[in-house]
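Okay, so chain A shows up in both of these, paired with chain B first and chain C after.
For the complex of A and B:
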């Protein structure tokens, strides 16, 4: 039987959740035995090359590319998991949601103390993704099947969730996995 | 000229004076400025955060200016049904600013507010403390023009309502709309007869009489009044208090307003009887700010009762029974109707509910044993003492004795208050009130139930449809989704914010509900509404959060076909997110053409 396939991505996140995934230490060897990775920054596969069983999403959607990537994950993965605060709720990037986008961009690119006065420009290269009016949590854009809270979720929580998913067994959440302060 | 300093220094250096000081400053200066916050904090030996916390908690207080004159236009569903939108537009046009803002010249501020207890005469507004009912766009424009020309709001009331509304101390255009007088509240009553009878018995016997009458609280929760008094009496303490809950904040209720206007002496008699029964010397009437226009009237009735010897030392001539009543004002907060929040507010603090136990009968006002009772409960207790428990028990049903004062509003030809016997079917009430052809009846306000025509045989009593008194009729053309949305908005605004399920859960419920209402829902969204609704109910700390999902949950139950018609079948998930809309602002800021690739891998 072929191994379950996993894909991961970081959208509007800080890669902290991916770091937390790597924090499983020596269990990474077990993971390699257990699953096969497809599109993911971990193996640097850029495009889906086969159907995927579990997609792990870090970060919410702050620009048009995030949305496109998330939609392609939904299309290619049987199960999608929002991993971490930013994917689940928008997280730190969503702090800008209460400020109009124009003000944010002007503050960052035109009026910031490090900008030479009068020389700033709001980035407009056609190759850049378009920034969204707000930062959206993943489940507002596509259907998300499971949510792993935490900033980041601990390695143990990610390990437990991923292995339970691929082994098809119920989650065993211990207290320290879901204690966040 | 009076300064903020003068006003602040006028008050005692007592933290309990906090709300009184803020109220004075707000009403004189239209705001509580940073400087005033500092002064108040220093004078009362509180932190600035405590002062700011109180100012921002109540609707009628504000850190930023609210204008030389301030219009608070009721935003409840009946107001909308009666033409609020056009009235609001007229206010905005004439004032030259939007709701939530102050006009550029600073003369008029426009603000929305929750139900002000005038549901049978909407649209209504409070302008500088003066109530205006049955507003029209023309009237709205005239009010603003008058204020700008220097005519105070009180001089713009052209005609007065009926009964005590006409008296010199009230002079309000409010009408009572008493449509049905029942034997209990509106029965002939000789002033003081109940109290004199009570003081001729032992306090224990008085409690027994109330227990035998099976009087249940009229404020909503329906707790047995005699038992509450007994618990309170049994607590060992030097001081006990009777508190009358005249906060009447549940949208659609206005029956306590009519009691306060027409039967205040009966209410105060009831408070004195409660005081005698539990062993209290002081009664506190907690009057919602919206009814402040009745305060002078109430104070004068109290003065009259003191003169008659019904209050004060040796009240009703009973040696050793000294009892008097003080009036405390709220400042606009639905949650202050919840008894423990009310006590916090009466003590001059933010009106956040307390943890229970201990219950108010154990640790209440000023941490002393306290009975908190609704206006109608206390007035009814006075009648029970006058006429006897047997007389009372013969009215209503076995489980729900007596009568209930209902506030009926919405799509009916005879809105107003009805004193009915418990056990009355909704259908009969609709007949009385002229609400034929109703599509739905909301019983008990937003926190109650939305009843469909199939349920119009259901009865108003404690075992079926319990209600604090709010009955809102929705005619055949009303959009139930608009009603639910308005009710959820109310809970979102009024949550005190203490617990996450109530503070965040109601926002999420409202968002999800509106997704469904926009036709973007699926069966799974309806499941979420039910699950989340149950979660909010079961994990919230007080009655607000424990009932706030009811507008959604009860309509899901009574109008499943409306929801079924809204949702998309055959689709597992429909996002509310729309990429084309979401990139508009970003494109505009960067001067780019929106061009969105749907997916990377195609």
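For the complex of A and C:
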């Protein structure tokens, strides 16, 4: 029987959730026995090459590329999991959500103390993804099946969730596993 | 002392006359979640987290006195889910970035989220943009985290008995303001009390953030209410 297939991505995140996944320490050897990785920064597979059972999403959506990647994950994965505060609620990137986008861009690219006065421009190359008006939690863009809060979620929570999903058993959550920071 | 007999989820309990359901439950080792209710303050019943059911009717157990023979439902699954939805509503109605919040680990709203295993709120986020008040020397008021419990309004007064905090407007527009003159005169001790009385990270002591390391904070390992359930909450 072929192993369950996992894919992962980091959208508007900091890779901290991927680091937390690696924090499972020696259990990573068990993970390699248990599952096969497809598209993921961990194995550097860039495109889906087969149907995936579980997609782990780090980060919310702050630009058009994040939305496109998230939609391709929804299309190619049976089950999608929002991993970490940014995927679940936008996280720290969403601090900009109550500030108008124009103001954010002007502050960063025109008025910031490190910009040579008068020489700043707001990046507008057509090859750049278009920035969204707000940072969106993943479930406000596509359907998400499960949520793992935490900044980042602990390695124990990620391990418990991934193994429960691939083994098809119910999640055994302890108090220490659910944290929002 | 005249005693009243009542039950919570079928458990026989005793209450003193005039006790609210929340107080009596606590005395009997039963936790009913509260948020706007606070020790010695007169209850206002504004958050509804403490809602229980008696004879099919819903009531705020922090304001409702116990009566003889009352059969209180506290942990029925639909009640618990309704409370959870109220907690979720508070999370989407403000900006709760727990990873960067000074109150994280000691916050009652967050602790309720943990106790109720909130993995994600069921409602869309609103992203309010309420102005931060940082004018007083010792305190900061981050109103995007305020849950409008009015604990500060009720509990923090000047020596002459004047309110340091006030609620202006009503309903969804209610906003907490600080009296700048009174706030300027707050002592260290009073400022600390103001921070402690706020269940969330809306009232903060300036220059005192992140004092306790992760792992040693109030709700890092013990769920909110477990002191009451262990019978040490009296």
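Keep in mind that, in the parts below, the second predicted complex is superposed on the first by the 178 of 181 C-alpha atoms of A that agree within 3 Å, B and C clash if a C-alpha of one lies under 4 Å from a C-alpha of the other, contacts with A are read in each partner's own complex, and residues count from 1 in each chain.
Here is the rule we go by: a residue touches a chain if its C-beta (ideal position, glycine included) is under 8 Å from a C-beta of that chain, and two chains touch if they have at least 3 such contacts.
Fair warning: this is a prediction, and the values are worked out from it, not measured in the lab.
Undergrad: Looking at the combined model built on chain A, do chain B and chain C fit side by side or clash?
TA: clash
Undergrad: Just to be sure I read the superposition right, which of the two partners does A:134 touch: chain B = first, chain C = second, or both, or neither?
TA: It touches chain B and chain C both.
Undergrad: Now for A:45: first (chain B), second (chain C), both, or neither, which partner does it touch?
TA: So A:45 meets neither chain B nor chain C here.
Undergrad: Is A:32 touching anything from chain B or chain C once the two structures are fitted on A? First, second, both or neither.
TA: The answer is neither, since A:32 touches no partner chain.
Undergrad: For A:179 in the superposed arrangement: first (chain B), second (chain C), both or neither?
TA: Once the two structures are laid over each other on A, A:179 reaches chain C alone.
Undergrad: Does the superposition put A:75 against chain B (first), chain C (second), both, or neither?
TA: So A:75 only meets chain B here.
Undergrad: Looking at the overlay, what does A:91 touch: chain B (first), chain C (second), both, or neither?
TA: In the superposed model, A:91 contacts chain C only, not chain B.
Undergrad: When the two structures are overlaid on chain A, which partner does A:101 contact: first (chain B), second (chain C), both, or neither?
TA: First partner only, chain B.
Undergrad: After lining up the shared chain so the two structures overlap, which partner does A:22 touch, if you call chain B first and chain C second: first, second, both or neither?
TA: In the superposed model, A:22 contacts neither chain B nor chain C.
Undergrad: Of the stretches 56-64, 200-208, 236-244 or 470-478, which one of chain B hits chain C?
TA: Stretch clashing with the third chain: 56-64.
Undergrad: If you lay the two complexes on top of each other, which residues of chain A touch chain B in one and chain C in the other?
TA: 134, 140
Undergrad: Can you check the complex and tell me which residues of chain A touch chain C?
TA: For this pair, the touching residues of chain A are 82, 85, 88-92, 94-95, 97-99, 134, 137, 139-140, 144, 146-149, 151, 173, 175-176, 178-181.
Undergrad: For chain B, which residues count as touching chain A in their complex?
TA: 572-573, 575-577, 579, 581-592, 594-601
Undergrad: Residue numbers of chain C touching chain A in their complex, please.
TA: 91, 95-101, 104-105, 110, 113-114, 117-121, 124-125, 127-129, 144, 214, 220-223
Undergrad: Would you mind writing out the residues of chain A in touch with chain B in their complex?
TA: The contact residues of chain A facing chain B are 47-48, 63-65, 67-69, 71-72, 75-76, 100-102, 105-106, 122-124, 126, 130-134, 136, 140-143.
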